[in-house]
Structures are given as C-alpha cells and as structure tokens.
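Next up: some structures, all given as structure tokens.
Next, two complexes with chain A in common: one pairs it with chain B, the other with chain C.
Moving on, here comes the complex of A and B:
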C-alpha cells in the first residue's frame, strides 16, 4: 500500500547531539524514515527516547547535527525566514501540553487570525474572516461567539486542544505532527480529540504523524508504526505487522506495558 | 491586567512603599506651586541659621496697630529667656557661699531664684578667695537682672536729616504686642538655612525632584540597554549571545562605581549637568539587568507557545515583543525600580565625592550632602543641613525597595503565601 503513494517527508541518517564532552547526549541517532502522503504514521517510544527531539527536527525548530531531510522529494531548505514560513505552511504541529501552548497575553481571536493571515487572507473583509473562524470552531464543536474576546487560559484543557485542531483546520497543512496530543487530556476528551483529528485528516487529506508513548493508541489510529528506542528506530512496518507480530523485545515490552481491563497487569518488565 | 493590579495592591509591603513614594512625589510637585521662592536664592547673610519663624524686627516695630496685653508671666519669661544657664549656676554658687542652704535653690525656677537673689545679694560683699574680676562679673549679672526687671519703655529714635541728632520717634512698652499677620515680612524657615544662607526646605524639595529625575533617567537607560541586550542574547543565542556576553562580563568585572568616578571625572566640572550624570550612571549599571533578562529569556525561548508562534510564521522581533517580553514584564518593572533607587544612591555617592553635577544651577540630594560636609555641618551640630537630606534619601530607597519586595511576593510563585 505504501509503495503506491508518493513520499512526502523522508530523512537519511538524521542525528541530533546535545552538548559535548562529558555532557554529550545523543538524542536522535542516525534515523532513516519515509513518510508517505495521506498516511497516518506513529512514532512510539518511552520517555526520553528522542521522539520530541525528532519532532522538532521535522518541524524545523531545531537543526539536526547530521543527516538530511527531504520534503516532497527535494532537500529541505529552511535557511531564511521566508523559506521557513513557506515550509511551515506545509507542516504544522499540535503540542503535548495545551496549557503551555498558548501565549497567555493574546486572545483566541488573534491565534486564529494568525492562521488566516498565514494562508494569505490578510486582506479579506473582516466579516469573511469571522465566518472562517466560526467555521473552524464549528468543526471541533466549539462556538466562536463564546470564544471571541476570551483568553486561552479561560478554556478547559480539552477545549484548548480542540481549538488547536481548529487552528490546523484553518491552516490546512500537508503534514500534521501531533506530539502526544492527548496525553494531558482526560480519557473522555481523548477519544473526541482523536476523532476530530481523524475527521480533519479525511477532510483535508493530510499526512498525520503521531508521536506517542501509547502503543495501544498507535495501533488504533495508524497505518505505519515506527518504534523508537534511545534515539534509534528499532522496528517499523504496518501497524498490524509491528504490533501483532513484534520482532523486537523492546516492542513486546511496550505492548505488555499497556494495561488491559480483563487481565492482570504484567509489571515484570518494568 | 486589572487582576494583576488588584493583586499587587493587596500586598501590604507594596502599598506602604507605594504610599511613601507617592507622598514624596506629591510634595515635590505641590510644594513649588505653594512656595514660589527660587530654591537656590541666597537669603541669609551668614551660615546655618537654625530652623524657625523669622519675623522682621523693623516691620514688627512699625506694625500698623500695637496691641496691649497684660500677661502676668511676661516678665518672668523675658528674664528666663535672657538669663543664661551659666549665669544661674554662678548665682547659685554665690548664694551657697553666702550661706543659703543648697537645697533651697532651684535654678530652673526663675521666679524663686530671683527672689532669693534679691534678698541675699550684696554687691559689696567680698567672698574669701574671689577674684576682683569675679566680683565685677556678679555686679554685671545683678545690673542685667535689674535692667530686665525695669518696666520702662524702649525708645525708638531716628536721625534728624539736617542736624544728625537722634529724635524720639516712638517708645515700645513691655506690654506692647503685634499680631504676626500684620507684620509685613515673616519668613518661615522650617529647616533653617544652609552654609550659603539658602532656605534648606525649599532647596531640599527641589533637590529631591532633581534626584528622582536623575534616578529615573539613569534607571530607564540602564533598563533599556539591559533589556535590549538581554533579549537579543537570550533569544537569538549563538554568536550574538557570545559577543554580548563578552562585553557584559567585561563590564561586570570592572567595579561599576570606579568606572562611574573615572567617567564623570573625565567629563569635567563645567560639562557635568544633572542629566549627563544620569546618563553616565545609566551607562555603567546595565550589566545585571542584561544577565538576569538573558537567563529569563533562555528559559522561555523553548516553550511551546514560542514554538507555536514560530510555526505561525512570526518574525523574530514580533516573537520577542509578543511572546517573550510580556512574560518577563513584571520582572523588568522590578529591575527598573531597583535601578532607579540605585541610580539615586549612585548620584549621592558621586556628589559626596565632589564629582556630581555642577553646582550653579540645580541642587541634588548628593550635592546638599556634599555642601554640608564641606562646611562641617556635622561637626558644628547643624543637623538641619544634612539630617533631612539623609532621611529623604533613605525614605526614597526604602520605599522603592519595599515596592520591589511587594512585587516580588506577588510575581514570584515561590514566595507567595
């Protein structure tokens, strides 16, 4: 299935090293990957395995120490601010902690307005902009009339994360990188958030890169799963292949760490 | 914003500091509107007139109406005022030698002392071992007391233009009084005069105003430089950070005050206006703000909201202004308050050393201290020339530090109750 589609983001030998000398830490260690258009990819690993660092490299927020990243078949070039802006029209992110993702001094309107401006809608009439924002809010079941002139910290965690999805709805990027988007949300809101993300993917046909420590969630949503351990991809393949027939001990451990309701929780591997 | 302000004004320390500071500011603004004398006008001939109300003697004599008041204790008060403590002690000494029991003599009670004196004193009596000079002294004291007790009027005479002879114009009786509001010239010198004969209170108010301005300009310059460099070094990092930190460290290791002394010395006396000094103070005290702001920004720049702002395509100046600056604003305000108060102290320190603003135009708190020191006010016991200045400097810095501590308690979660 993967072979038929076009590769939209790929990397060769991507490495990130923090510090030097005795404090040298290899966060991402020569990883290779190919993400295809329209696919849902999960990158699974425990805390400290380098998932978030990899996500920041993919987003272009930090530069890799080594290795190349190719975007739509061409070598990624984000050296100037203008090129970065262009790149970020294509790749966007949802962060783990909705409470720290917003600037507490800016109103919700301006967060959404930024997205419209980024899509080249700066000179649209104000009524049209409001209509677009309201549409985006409706998509995630929020009422724009209730949000306008409010600050992000006045919302609940679930609402903030849904607002984040509304933001993506306005931006319509080719790739969305979701860095543990549900880990700070309670279990009830979690399913809704995931549903909205999937709806959004279907609506605008983007590639979704999920970064998570929850292999159960990865199995539930993804086409392809990458297992990351200490900065390396130890195993990857289709979700069924990796999770139902794991080859690596690390993968098996991750699977056994998922609590199941009708079985005793296996804590022997912890 | 409104919430933050309400929270700040709930802090007792801040409110106390703020009230003291506002009171000082109010006095600085209102006082010149009420008292319009030029602050550096030399009015007194002579140095260090003590605090008090000064009534023109000439105008008191020539007051339009004289009122006659018969006050029973007037004479006693008059004598008490004239009779010095050493005279009283000498009188006691004489009377004890003349055989009056010591326990009967109370030198503080003028009336009983005088009665005793009149009863026992004999101008011709010579005590054993008393010098002739001492005898004469007692005769003089006695004559003075007699004069004080006389009820005759004092004669006011004027020179005749033609003959030059003195002619009686009027007589001032002991029971004559004038209403002070009818005297043409009365000057209240609440804090006396300084070494140049200038009204200390008026000078002090003006000096406080100028010193606050110096502190404000110095603090503003230091904070602006510190903030700009700190933001750039902290947010951009890399080579920019290295270069900025190189200069910051260079300035850190050179003691700021020494640098300040050298710069203001090399500017020269005639070019040193108050604002030149303020600028020099500002230019030598920005290092700590830079370091502190840089540290704060470095912890902020990797937060998710900054990343999100980057992903929204905002430029670096925009991110610094909207995503970094508001988060450290409270910290910067606190740093500014401290910079202002240390600016005022630095000016005082410089001026005491004689390196303050030039002396002809405006007074500053430091200059007033400098003048008091040069003219030895502390040694001469002329407290009004330096103590009020000290108290003002202490109050300003105290109130600002109190405000700072109050703000710290509001904004620093670790100190919150």
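Moving on, here comes the complex of A and C:
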C-alpha cells in the first residue's frame, strides 16, 4: 500500500553526533527513510540505539549534524521561529513519560484550549471551544466536566496518556510521533491506548510513527517496520516481512529475546 | 498433589491510611505452592499483587495490617508468631522477597560483598567474613555471575547485572520460597531474558524449592509459571495452569487480560486486541457484588448485588463468576 501513497516525511543521510573526542557519540548514523501519508511506521531498537534522538530531529527539536529532512516533498525549512511554529502544526509528538509533557502549572482545560488556539480557533465562541474540548475528551473516554480546574498531576498515568491523545485529536497534525507511548503503563491498559491511537489515525488520516523497543507492539500496529541498531537502520520492510522473515541477525535477536506464547521461548541464547 | 511448601488459607490484610481508612488490598486469598513449582500472579497495577507478596511473609508493619487467615510455611504456621521470631526464623531462610524495583534501592555506598555480609550477619552474627566471602563467591559462580561483581558498587553495574545480583543475594541463605515481584519490568529484553534464565535455574541449582513470580506481562508469566492466579481488586478471580489461563481463561477479566497479549508471532496481526474499558473499583469502598461487574461485558443484574465466591472447577482450577464454565466458553467463542 505504501507504493501508491505520497511520501510525507523523508530523510537522506540523517546523522547526529553528540560531543567530540572521547565523548563523541554517533547517535544517529546516516539513516535514509520515506514515511508515507496515512502509514503506520515503527522504529524499533534497543535502548541507546538512537530512536529518541531521531525523533527529536524529525520534530525539529534538535538539528542533524548531517543530512536532509524533506517534508511533503520539499526540503524542510525551520530556520525561523515562525517556520517552526508552522511545522509543528503538521507534526506532533507523544512521549514516554506523559508527566514530562505538561506544564504542571497549567490546568487541563488551558492545555486543551491551547490546542484550539494553535489551530487558529482563538476567535471561536467560548461555547464552541468547550464543545470541541468535550468532544476530544469523549474520544478517549474522559469526562471533560471532571477535568476542568484540575492539574495534569492529579491524573493517573493512563488518564494522562489519554489526555495526550485528546490533545492530538484537537491539533489534528499530519504526522504523529509516539515515542514509547505505552512503556510506562501496564500491559493491561496498553491495548486501550493503542486502540485510541489507531482510531485517531483513522479519524484524521495522519501518519503515525511509533518508536518502541517492543517488537511485538511494532508488529501489531505497523504497516512498515524500521529496525535500528547503533544509530543505523539495518533492515526495513513490511511488518510481516521484517518480523516473520527477518534478514538481519540483530532483528532475529530482538525477536528471539521476547517471550512468546505459541512458539518455544529459547533461553539458551543468553 | 505434591508437597506444599507454602499454604495460605483465607488470608485478609489491609492498609490503614493516615486518614484511618481501611484498604483491603488482599481479600480472603487462599493459595498453595508446591515443591518444584512456580506460581505466577497476574493482574493490572493496583490490584494487590505486591501487597499479597508482602502479606505472604507473615511479617507486617504499618500501614499494612494482618486481619485474618493463616499462612503455613514449610509445615509451620507463621501467622500469630511474633514479628521478631518470623524475622529470625523465616525471612531470608524460608521465604525471601525481592521487592519491585529492588535493584534501584541498593545502598549506593556499599559494595556488593558488604551487602551480602549484612544479610548473612543479620541471620548469623558470628559468621566469619572469610566464610561469607567464600559462600558468596561459590553462589555467584553457580549462578553464572562473575566474582568481580562482589567488589563493585551498585552504580558500576548495568541494570541487568544489578538485578541478577539482587537475586543472587536474595537466595544466598537458600530460602524455601522466593517471591520475585516484577523482577524484569524495568529492563530491556535481552537483560530480561538473562534474569528469567537465572530465576528458572534457581530451583535446578538447589537455591530454592519453589517460586512465586509476579508480573503484569502475560507472555513472560506464561513462560515462567506452572500455575497462574489472576488477581482483581484484591481478590483472586481465577486459578489455573499457565496453559489454561492463557488459552482457555474462564473469568471475563482473565479473558480480557489474555486478549491484551502482544507477541511478535504470526497470527497476532489478525487478532483484535481487546481493551477492558473503565478502571478497577476503589478498594476503600469495594462493591458488594462482583468487583469486576462495572467493567464486565457479560454482567447480570445479580452480579452487582450478590457476593460471588470462588467456584471450584476441579483439578485445582477455580474462578469467581456466577456464569457456568459452559456459558462463558460459548460466549467467548460465539459472542454474547
């Protein structure tokens, strides 16, 4: 399906080097990629493989040391504050630790109100704004009436992650980057969060980029999987191709290291 | 049935909060752990797994309090014993507990060997330090840990190595039962695998006789446990073999949990994950009827009002639901 779709975000030779001399770390090492409109892509690798660094580059939070990013076919230009703001209307992110993503001194309704303002809804009548916020909360099964006047830290981890998704519902970005969105919540609530993300993708037709160390999760949600080892993409392809017929030893190891329920989990490899 | 090393009958414990509220986090729990077996405990966070683990040691300190029930450890009733006596005669030697996130609680200014000395001297104050070192070294060798770790500080060890060290220290006095509470949750998959391999080897190597393994990660539990107990809101809602629990769950909550399993195996992509809507009840005021009723797809009017006991389904299997096994299985197969 990827073949017929338009490319929305791509990169060539993207590289990030931190430090120099003895502290020099090549966190992202000449990666090439093409993410398509509406596609669900996963970037999978062990911790320290460079996933978050790449995510920050994609978001424009840090600059690559080398390489180019293309957004909707054009070389991405975020050199001015204004251009950055414009870019962030198109690409948004959800991070691992939902608590770090909020300004703890802002109440939840103002967090949501900001999203409406970012989308140019500043001059909408107040009742309309409230209706939009309530709709976004309903989408993730939160009750807006119960959230008004609360601070983000008054919510549970799962509620926070749902509030993050409600924000995205209001922002309607073209691309959503989710960096380990379910690793802080227990396995039982994970399905709920994934469901909301997939529903959201279907509702607003965005490209979803999952960043995860959980290869099972990547297999479940993605159309395309990129495997990252020490800053490089060592393998990519359709989820079935990569997970069921892995070509690289590294991919095979990632798969063999997670517990299975249908096949034997071979403990002799460690 | 094999020889029981730990038997718990109708145990209830509670937290008393600062505001003098009671939280019944372990509510009439019975279980049996046999020699050579691993019992797995599953359930979402907040359901009482860690509290159960603490309660099983019979050693209570505020805010946790004993309410009723009995614990029989190695044929000896430990409920009703003085805390000091339990500490001296059971903790570490008959039952050992690795708390959640234990590896992050290691004293950063102590070398691993000093830490082991503390553990052993607390149990036997006259033990010679040379003997302790020898014992530690020998144990580490059997468990596949380098002896050099003994001379390191916690910060010098990787997460996986720290956790394996914590496990090695926990079993140094050869406890009969080891309780491991989410021992690999914070680790990457490769370190997790090493930790699991080590835990599974403890019985073979004669360090322990039985294990209780706690996690919310079901594929992991499935691979470690012989039997699985599913907990919900302080109660056991299902007891079964690991295979039954994963592939033929009876309780609607267990069914929901098993429907949230994610593994990189073919077939997974065609399965729709089932999310369980809503949240567990507040344990300060648990509902009178079935605690899962609020979230249950198969709820009946009486579920919300009548107390639901744990029904014995034979062969060690039990579940807490008013619907029959047949009705439940049919509902899962053909829809409700």
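Please note the rule applied: the second predicted complex is superposed on the first by the 260 of 270 C-alpha atoms of A that agree within 3 Å, B and C clash if a C-alpha of one lies under 4 Å from a C-alpha of the other, contacts with A are read in each partner's own complex, and residues count from 1 in each chain.
Here is the rule we use: a residue touches a chain if its C-beta (ideal position, glycine included) is under 8 Å from a C-beta of that chain, and two chains touch if they have at least 3 such contacts.
What you see is a predicted model; the values in this text were computed from it and never measured.
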Exercise for review: After aligning the two structures on chain A, examine chain B and chain C and state clash or fit.
Suggested key: fit
Review point. Is A:241 touching the first partner chain B, the second partner chain C, both, or neither of them?
Key: neither
Practice item. On the superposed three-chain arrangement, identify whether chain B or chain C touches more chain A residues. Key: C
Exercise for review: Mind working out whether A:109 is in touch with chain B, chain C, both or neither, as first, second, both or neither?
Suggested key: neither
Practice item. Scan A:37 for contacts with chain B and chain C and give back first, second, both or neither. Key: neither
Exercise for review: Please work out whether A:199 is in contact with chain B alone, chain C alone, both, or neither, and reply first, second, both or neither.
Suggested key: neither
Check your understanding: Which partner does A:141 contact after superposing on A: first (chain B), second (chain C), both, neither?
Key -> second
Point to revise | Spatial angle chain C-chain A-chain B, Cα centroids [nearest 10 degrees] | key: 80
Practice item. Once the structures are superposed on A, label A:223 by its partner contacts, choosing first (chain B), second (chain C), both or neither. Key: neither
**Study point:** Which of chain B and chain C A:262 touches, first, second, both or neither
**Key:** second
Exercise for review: Working from the superposed arrangement, determine the closest approach of chain B to chain C, counting only CA atoms, in whole Å.
Suggested key: 14
Study note, to complete from the structure: chain A residues where the chain B and chain C footprints coincide none
Practice item. Sort out for me which residues of chain A touch chain B in the complex. Key: 56, 59, 61, 81, 84-85, 88-89, 92-93, 95-97, 100-106, 114-115, 118
Revision key, fill the gap. Per the touch rule, the chain A residues reaching chain C in their complex are 46-47, 141, 156, 158, 186-192, 194-195, 213-220, 239-240, 243-244, 253-255, 257-263, 265, 267, 269-270
Check your understanding: Can you list the chain C residues touching chain A in their complex?
Key -> 43-45, 188-190, 192-194, 196-197, 200, 216-220, 222-223, 246, 256-257, 259-269, 273-277, 279
Review point. Mind pulling up the chain B residues that touch chain A in the complex?
Key: 303-305, 307-316, 322-323, 326-327
